[in-house]
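Comments concern the structure below.
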Amino acid sequence: MDPVIFVGSANLALAAATAESIGLTLGARALARFPDGELHLEVQETVRGREVFLVEPTGPPVHEHLFELFMMADACRRAGAVRLIAIIPYFAYAREDRRATGRDPVGGRVVADLLGACGIERVVAVDLHTGSLEGFFPFPLEHLSAVGLIAQMAATSGVPAESVIVSPDLGAVKLAERYARLLRMPIAIVNKTRLSGEEVEARGIVGEVRGRPILVVDDMISTGGTIAAAVKAALAAGALPDVTVAATHGLFVGSALKRLGGLGVKRFIVSDSVAQGRELPIRVVSIAPLLGEAIKRLHTGQSLDHLIAHM
Amino acid sequence: MDPVIFVGSANLALAAATAESIGLTLGARALARFPDGELHLEVQETVRGREVFLVEPTGPPVHEHLFELFMMADACRRAGAVRLIAIIPYFAYAREDRRATGRDPVGGRVVADLLGACGIERVVAVDLHTGSLEGFFPFPLEHLSAVGLIAQMAATSGVPAESVIVSPDLGAVKLAERYARLLRMPIAIVNKTRLSGEEVEARGIVGEVRGRPILVVDDMISTGGTIAAAVKAALAAGALPDVTVAATHGLFVGSALKRLGGLGVKRFIVSDSVAQGRELPIRVVSIAPLLGEAIKRLHTGQSLDHLIAHM
Amino acid sequence: MDPVIFVGSANLALAAATAESIGLTLGARALARFPDGELHLEVQETVRGREVFLVEPTGPPVHEHLFELFMMADACRRAGAVRLIAIIPYFAYAREDRRATGRDPVGGRVVADLLGACGIERVVAVDLHTGSLEGFFPFPLEHLSAVGLIAQMAATSGVPAESVIVSPDLGAVKLAERYARLLRMPIAIVNKTRLSGEEVEARGIVGEVRGRPILVVDDMISTGGTIAAAVKAALAAGALPDVTVAATHGLFVGSALKRLGGLGVKRFIVSDSVAQGRELPIRVVSIAPLLGEAIKRLHTGQSLDHLIAHM
Amino acid sequence: MDPVIFVGSANLALAAATAESIGLTLGARALARFPDGELHLEVQETVRGREVFLVEPTGPPVHEHLFELFMMADACRRAGAVRLIAIIPYFAYAREDRRATGRDPVGGRVVADLLGACGIERVVAVDLHTGSLEGFFPFPLEHLSAVGLIAQMAATSGVPAESVIVSPDLGAVKLAERYARLLRMPIAIVNKTRLSGEEVEARGIVGEVRGRPILVVDDMISTGGTIAAAVKAALAAGALPDVTVAATHGLFVGSALKRLGGLGVKRFIVSDSVAQGRELPIRVVSIAPLLGEAIKRLHTGQSLDHLIAHM
Amino acid sequence: MDPVIFVGSANLALAAATAESIGLTLGARALARFPDGELHLEVQETVRGREVFLVEPTGPPVHEHLFELFMMADACRRAGAVRLIAIIPYFAYAREDRRATGRDPVGGRVVADLLGACGIERVVAVDLHTGSLEGFFPFPLEHLSAVGLIAQMAATSGVPAESVIVSPDLGAVKLAERYARLLRMPIAIVNKTRLSGEEVEARGIVGEVRGRPILVVDDMISTGGTIAAAVKAALAAGALPDVTVAATHGLFVGSALKRLGGLGVKRFIVSDSVAQGRELPIRVVSIAPLLGEAIKRLHTGQSLDHLIAHM
Amino acid sequence: MDPVIFVGSANLALAAATAESIGLTLGARALARFPDGELHLEVQETVRGREVFLVEPTGPPVHEHLFELFMMADACRRAGAVRLIAIIPYFAYAREDRRATGRDPVGGRVVADLLGACGIERVVAVDLHTGSLEGFFPFPLEHLSAVGLIAQMAATSGVPAESVIVSPDLGAVKLAERYARLLRMPIAIVNKTRLSGEEVEARGIVGEVRGRPILVVDDMISTGGTIAAAVKAALAAGALPDVTVAATHGLFVGSALKRLGGLGVKRFIVSDSVAQGRELPIRVVSIAPLLGEAIKRLHTGQSLDHLIAHM
């Protein structure tokens, strides 16, 4: 029997495209909020005996999206679904993988526990900020990667072939190396220091960028602070003012776009893991085929090998 | 060792008054949101080896408040708290105690499971919409009542002694009977029908209200729909236009206050379970002493007997 | 592969009729008691890889029937059953949905936990005393209703068409409204007070019964105390002495039948959820087709929608 | 703070003596049955923050006694007990430690799981039929022995010093060896075959009984079948007709006493683990001091070493 | 879909023969150790959606073999296996079924818990030292027996038909009786005392061995201490010096073989549950067909009835 | 009551020094291996009602040490310990924090699950290879750091003040920065590529080492491959042949010492987290005071703040 795919309110377009990519349509469901803000959900498909995929990136508003997932999961398991798989293309709280001070929560683990408490039995994520999040779940997490798709877009949308890949911090080096291999570009690494939640300062840059266009890559663009610092450092080191920024998750929180535009970034390449307005200079690569393929393979028992973020 | 009391952002005043009522001050903690909406929490007290009470009513924004509870719980258990007790004066999703259609979630149980997943080991609630929510938890739920405090306020703030208690639906009859006993007033019952999420219609009224002031009682005032229908029905049945509305939880969602004011309600009596603006005609009874006493008794191993909502 | 249906000692006839209604026969099993009262059970069918339904209403002797369920479940899961579903047409301890005094058990939750501890993964119940029992289970509970079947019997077995439906207490009003809709009869409501475990007193009746036959409806007839008080109140309010009592579960504990007969009740309509002697004036409606249909639909992955007690 | 000791209906005298032996009285509780057989329990002591011991041997009626334990446990944990310890002097279903046929339950494990599901965190048992039952629990089981007390009674109540200890089957040999060591008597072993649930036949006897009185020992006397076969075999082998039977648990199910009396057994020595009528020829040794000592040591954190059934 | 069978390093030959017996080949996997001793495992088959059998007897080095099981289980469940079944022909720590002193672990339960923690859902074992180990698992344990196979080998490999079966201690009597029934030989029983971990002394022998060859049977041969004591006792009692020793598990720890050879044991018959060097005088019976049949029946949902160690 | 500290066989000296540093002695226990390699453990202290700390680094032989932990934990919880805390100074499998290929285990999570399955409720670790391992546990992990102690030793044992700190790969940069801050030295970073399990190649070095002595720092020295590559790269970049290597965990697997000595490393500074032979050129800093302080603070409910590895 075909699987059922439901979507919350976070990214209808992505979920619909995902379903369509494998010849399905989204499962019908009514999702609303009562005047006091409590969710009102009704699944409108028979799910008894079927495998259910819940597609919901957890970008802002984070907690609303997470609760939509929780409630969809509960409704489906009570209605007799045989297996609940959450497709969470952008995974919130992935940066909170340990206590910073000894008296703070491990947010990533909290989210993992809550998903499990609602009956989710498997999670599919894309280019997680922290790969070891996999160990936070008692059940399997499939870690897909959009790097291949984004690199392909970079190669065909005006990014100069002589660009240098710039990793904006040490945490992104492995990601940058994957881009470098795919695009056959050299690499430079910025070593950053975080001054506050939003403010970041580059402490140095390793590798040669002088006289070259740059392609800054990261897993996500949130407020843009880290990337802005990297761009500044690269320009200061003599990079040409032909700057592309590529990342899987384009959250563009607050004035991120303006801030980076102000530094002369010419192109942004992101996936549609988080819903995008799709206006230039943002080029959007759809991960719907990636997610669709993963759903098909999970449902029919085939290997996910070539879809996985090998690290 | 003294217990530690933390509060999220939902009702600082209530928590502070609760702590003060038993000679304590609130535990220090930093609670903020990152630009993308993720919570940033740091407990700033030593909690190792101590019993921790987390005070957080879950009125709107519901999911924000719930996540504050989850994160505070995780931070405290990792920091070595010996026991985590959530004081949830207003308990969201308490009306979702069963599936309505067979394909919806049981929201009350979802919340119970999530609280448990974060290490909460006991919950204290006040005048729950559904008493059987107690059975949704694998651990004890202490069900306190503010009815005594509210009845006392009614008796001393101008509610005419010859009023008739009006239960706005069958679900509130037991509550109305408790008010009737305490205030020695007769009782009338409205049998309602729900037309939609917000619209409610009275199908009849039982008991004599003709020529008498009325005191409509319920566990909560949300959009005011149920209560408005009851007021209309009572006035149509000849009740005097001297109307008081009393409830434990005054959410006053949307235009509730305006709607009820338009029907001539003269007085509202609610507790501070949900933060109140405290302007007339709303009289606010503080449940801080009730919660403080519960904390003291839970912490020192004394009976909660006289604080409990016996039903 | 066909599912296997086993039955304990509680209601062989119902289980056999249920199996037969969908073209199956009961699974063979030996069930006896050792001289010291311990159960001796042996399943005599291959259950490996099969879905197993255990049919066992938990009327008196309550604890014997519950332990038969526990032991059958353990035997079946060890023998390799893929899924264990308990069909509990009458669900004991459903009235204990919260603590009454603060120092008593929540019996309904205890039973839910014990069933889960034995490997039961789904429960099917019929007209539960408390619908919110659904939230007591970590797994789905399907709440079926026999009201349609009983109403149909009432319409064809001499209950006068001009009868008034009487709800014997506020808890049964929703049930009474379902009967009223199906039989197009008016409704009257008795507000009762419980004097002791068995003794109940009516505090008033709402709705017009004068000069009309009455049809008192409830989810169950146990000692008959509540229903007797309602009959007395209705007769005192002028109802005709043409009284029918209808309920899903006819336990008829102790002298219930005599007590109600003494008040002039002419007809009883109950289901066979609890084994009945089947003598007049008790008319028995079989729920075997209802249960059979539920088993078939659960087994083949179809919706239970039209079998469910919507509330 | 002192622990609280509650008792169900199984053995009030033993529990009271146990409490008294360490200077306590039993905790007050109301325990009754509704007319339909459901239990009605109310704990009438403050248990918040206290350690609770529930004393309940699970002799016939087995399932009633087990449910009393379950409900007492639930009431106490909801009321705030810090730890629940079940004292189960006679442990039902201890003989069902494995599947016999592959399609039967493992009753001992079922009971262990149910106790755990109710919040029991430790069990104290006495002379279990199967010592490996200890591994059935996720929490500690303390296995005490009454052999010392019974041997002492044997030595002082007319059992001839020249008796031979007879183990009625191979499973009781280790127990018999403990009696032999304590009483400095020789040992003989009967190898039995079970013909049916109640009927047992001796296949041979090892060790010399000719011309000697015998003391047959076992962990329990249920229907007496095993012991009767042993007595017959010993008499046939020339033992003197001076027969004593000693066992920790004297269930004396059905006609056990008559059957053994008919074989000329002169004396029975049993403990009060199961309530006894206390008439000759049954001599009853109280295990109250043993249980009291265990409670005291568990409560104050002392070693149970010398109370344990070392095997 | 066919199941996948993986093997650790413990007994490749057995696993391969098992797979072959049902027309399968072993699943490919890379299993190595890093220089620091940590395991390095990679499953090289697609296991998504398939049932996985992990074959690994846990003879010495015990903890290495157990960790291979744990890691294989984790890899398979993360890779999407639908069910994990451990085939553990020789089960380590089976003798630790209870505490001996009150302050030691229950090793059998520890191993059971660890297997469950890794996602194992069913265990298949052969001739366990303690049958009640079955109750240590929350999931089913299938207890197969190689006694039939070994008895057949005894009958066809020179064991004299007039031999007496000797049970080397009381714990092996039931096993000895099964051999006696199959081979139609009489039985004799040795009652032993353990002096130390390795040293054992016979306290007596029951049954007639004078002038007869003997066949000593046990579940396992470890250091050979128990069996050596039995052989000595039998020879002292006049048995002929034609001694065969048969056991399911031939661990032959340390100098076991030399010690028993020194006593004149002429033949050993063991299974290949633990890898054997296969030199005379050890005759090895393969349990591969037994395990293969069990795998086939578990996979296709057929009864294991005739493969089970009925006790 | 004082806590009890037990140690397995992994590092007796460290555990004894730890206990001594807070005025305690190690708890008595007998720990041996049966001839077949199974562990034989007996706790020889009363642990009832006491907090127990189990000190056991899990260096080679890894699985032996882990099983000692499991068995000690089981023995202690059965004997009545109130809380079990594992002190695991060197934590095996910490590098396996995610799947590398999609079909391998997440070893770190497996170990976390196994520890939890044995009743461990808290873990104390030192300078973990992967800090996010914290999220793998359902209970708190306290992550201590020996960096301060090692830096202090470096400052007082001949490491030239003009040295440059070298981080041998990107994963060690944060650690290197902590050393740099404490020792006020500049930093250089090597970017490595792993060729095989043991062979590593440096791809470049960032920061100035020419003409300066170097201090290579890492969390652990295993085979020394990563460090050797870093030393070679630094020497090739002109560093002076005055090389110190400092790491928390000195495993020195295989020929690590010889390999590094061959490159001219003059000094090694490691902690005693893993037992050391203590010969020059290895200087050993004891973490016993660090662990002792942690035990004292955990036991008495004080903050661990200044002992924690802030990252």
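Letters A, B, C, D, E and F mark the chains as written, and numbering starts fresh at 1 in each.
As a working rule, a residue touches a chain if its C-beta (ideal position, glycine included) is under 8 Å from a C-beta of that chain, and two chains touch if they have at least 3 such contacts.
Since we're looking at a predicted model, the values are computed, not measured.
Listed by label, the chains that touch subunit C and also subunit D are B, E. Looking at which positions face the partner, subunit B and subunit F present mostly different ones, since fewer than half of the interface numbers are shared. Subunit C and subunit F have Cα centroids separated by 62 Å. Inter-chain spacing, taken between the CA centroids of subunit B and subunit C, is 34 Å. Taking each chain's centre as the average of its CA atoms, subunit C and subunit E sit 51 Å apart. Under the contact definition stated at the top, the residues of subunit F that touch 2 or more other chains are 78-79, 99, 101-102, 106, 109, 113, 303-304.
You'll find the chains touch as A-B, A-C, A-E, A-F, B-C, B-D, B-F, C-D, C-E, D-E, D-F, E-F.
Contact residues on subunit A toward subunit F in their complex (touch as defined above): 97-102, 106, 108-109, 112-113, 130-136, 138, 143, 170, 173, 189, 191, 204, 206, 303-305, 308, 310-311. Contact residues on subunit C toward subunit A in their complex (touch as defined above): 140, 297-298, 300-304.
Residues 1, 46, 48-50, 77-80 of subunit D are the ones that touch subunit B when the two sit in their complex. On the subunit A side of its complex with subunit B, the touching residues are 34-44, 47, 59-64, 66-67, 70-72, 74-75, 78-79, 92-93, 96, 99, 101-107, 109-110, 113-114, 116-118, 197-198, 222-223, 251, 253-254.
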